[in-house]
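This is the structure I want to talk about, given as structure tokens.
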């Protein structure tokens, strides 16, 4: 009689469970559609190691992304501090980071700069940088700055002005893009690389980020550009001296004594320029700016 | 009557010093808040939210499983159930009471952790923004997931030892997390039979991915209200289903 | 008038072995009726099925066949537990609670006001002698203390029927006396007490009726006197032999000697023959007395199988 109380529980379960599962089926489909907008997966390119890690992270991939980003930053910092030019792990670290969190913009930007920069400042692999940024754009299509980052790699590191102009142009079409994007696109398409363009773009990079490494790097580049400009002008003055006096000046001091220059020009770090016997201006070897750059940056 | 059992279950958890895990959580949050500025520039808010929500989820999961698998088993094994069932208490009232008690413990624990997270967040960002509301939604989703895990642990507790129950519950949880991948795997293979099986499994297994909004909360993305309603309904369906099974099993069980 | 407890062909099989093929019959067709106000003893050796019966009655395990009613309601009806109290064998309670908290917790399942709860818990703790340890956690309790709190929780709600499984176990003589008094008090209040025990003198003293269970089968039901009267009565002769006299050879085996005295047990039918032999031996008869058999004798003989054929239901109260 009341034994049916126990048996009733079994019947309720036996009938109720399939019914509930049947109700869950359409609900799950609706959730699937909705959840996609919230979680915004997935990456288009197959990065195998990143995918495995994503699986292993059991859904805690945002946290892991932060961890890997932190490791990437520390990896880079450590290498620079140790004056070790070998940065071959930087690309994989950034790959993992951005696979786990496709929206971590600062990681993409970091890669854009430091994967492309030649050693010792970077990994010297602009091709990897391009891949990274292209993936960034796929995952963050509304972000116009990523196009600027892409364009800059083509412009500065790869000297591919056609592609650079295309990138800036494409970026200028995105919502919220600044006007200078279109201007740059046109300028680069027309005249390729120029110091003015380079300075402007490095300034934009400097202004667009909070990351201290990127900012410092941009600042150094701006200093180098300024030094180059100064050096060129100094060479012009030396040439005029040569015209007047038939020989090149022995040092910049001579130019001052000759009344051509008001004072000895110094580079942004405060060191005076050195004049070679054939009238070329060079940075003072003791200047900190000289230790890095001044590879032939500018096309002529 | 059910509530009497629930409150006692809560009291048991507190006396078992379960809530001391909050100390570890607090230490973790403090360390994170203080150190994060030195490690990752520009994403302090992001890291704290990620870390905090992940910790809430993991701590809660551990608690739900480890206490859950003993809910019924311990009472049978220690025979405390004998005296209790001699009272005018139906077996399913006992089950629901134990479940509610553990759920209450989890809710209190999570609430306190949320407070800790808020403090850490305030320390790092100095202000709250409206987008932080999505953090609360993410926590609610975590609670839904924990409620379902607890129900599963309770179910296994009715007929299996704590060790096995832990394995089963954890296994189901992991299967639920990977259910999307199981399905993708089936779609990628050439075999339609395998594809059908994996698709079936996908809809059968409780999909714990639904409840994962940690990334959304970290970026302050708004979580649509309709999803909140859907997830609540989904959790309710599965919890009911599991409790029905538990009631059917337990009410027919001969105590040793 | 409705009986307090009606048990009808209650049977419980346990399935042993991995494929659950071989059933062990723990209880075989138990049929028994207990009236309200009775103190009923349930006797039997270990493994006889006493605890199984109690667990079946309390709904902790389910019968293979047969059923029972308590106060007119089926044992599956949990609401009947309002009027039923139960002390399990080897009781164990939540060790993180104190005695007071445990009683308060259990009391909440009955419709009692907070005031009433407090009053009853106080007086019960006094009754079982645990007032001084009321706020100590149960994990510190000795076996005897747990037994007492077990009794307390069984009668907390003043149930009409009380089931006690080995209520005396783990108690020292003082404790046993206290439980005996509690049972007598319950009887005075008109409550029905059904308890299982090994301690037969207690059963003899307390019970209106007893039932004996061996191997899952009921062997006999009746008042203690009725049960033991199945025993063949015998007499004991106490005598002395004069110096120089020898014991009649026929009696040598049966007689025991303590100092100068001899003692011999004689079935009633053989009494005069033995007395003749003693007179011939010029023994001095000190006394001839009736040996009252105890439940224990009956019990031991029953268990060893000799009295099986005497198992008879004597009481007319059953169905």
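Per-chain residue numbering starts at 1, and chain names A, B and C are given in the order in which the chains are listed.
Quick note on the criterion: a residue touches a chain if its C-beta (ideal position, glycine included) is under 8 Å from a C-beta of that chain, and two chains touch if they have at least 3 such contacts.
As the structure is a computational prediction, the values presented were derived from the model and not from experiment.
In terms of C-beta pairs in contact, the better-connected of the chain pairs A-C and A-B is A-B. Farthest from chain C in terms of Cα centroid separation is A.
Averaging the CA coordinates per chain and comparing them to the mean over all protein CA atoms picks out B as nearest. With each centre defined as the average position of its C-alpha atoms, the distance from chain B to chain C rounds to 50 Å. The distance from the centre of chain A to the centre of chain C, each centre being the mean of the chain's C-alpha atoms, comes to 89 Å. Distance from the chain A centre to the chain B centre is 40 Å, each centre being the mean of its Cα atoms. With touch defined as above, residues shared between interfaces to two or more other chains in chain A number as follows: 5-6. Among the residues of chain C, those touching two or more other chains are numbered 62.
Among all residues of chain B, those that touch two or more other chains are 252.
Interface residues of chain B facing chain A in the complex, by the touch rule stated above, are 39-43, 46-47, 50-51, 54, 57-58, 92, 174, 177-178, 181, 203-204, 207-210, 212-216, 218-219, 221, 223-224, 226-227, 230-231, 233-234, 237-238, 240-241, 244-245, 247-248, 251-252. Listing the residues of chain A that touch chain C in their complex gives 1-3, 5-6. Residues 1, 4, 8, 11-12, 15-16, 78-90, 252, 254-255 of chain B are the ones that touch chain C when the two sit in their complex.
Of all residues in chain A, those touching chain B in their complex are 5-6, 9-10, 12-14, 16-17, 20-21, 23-25, 27-28, 30-31, 34-35, 37-39, 55, 58-63, 66, 69-70, 73-74, 101, 103-104, 106, 210-212. Residues 55, 58-62, 78-82, 84-86, 88, 90-94, 96-97, 105-106, 108-110, 150, 153-154 of chain C touch chain B in their complex.
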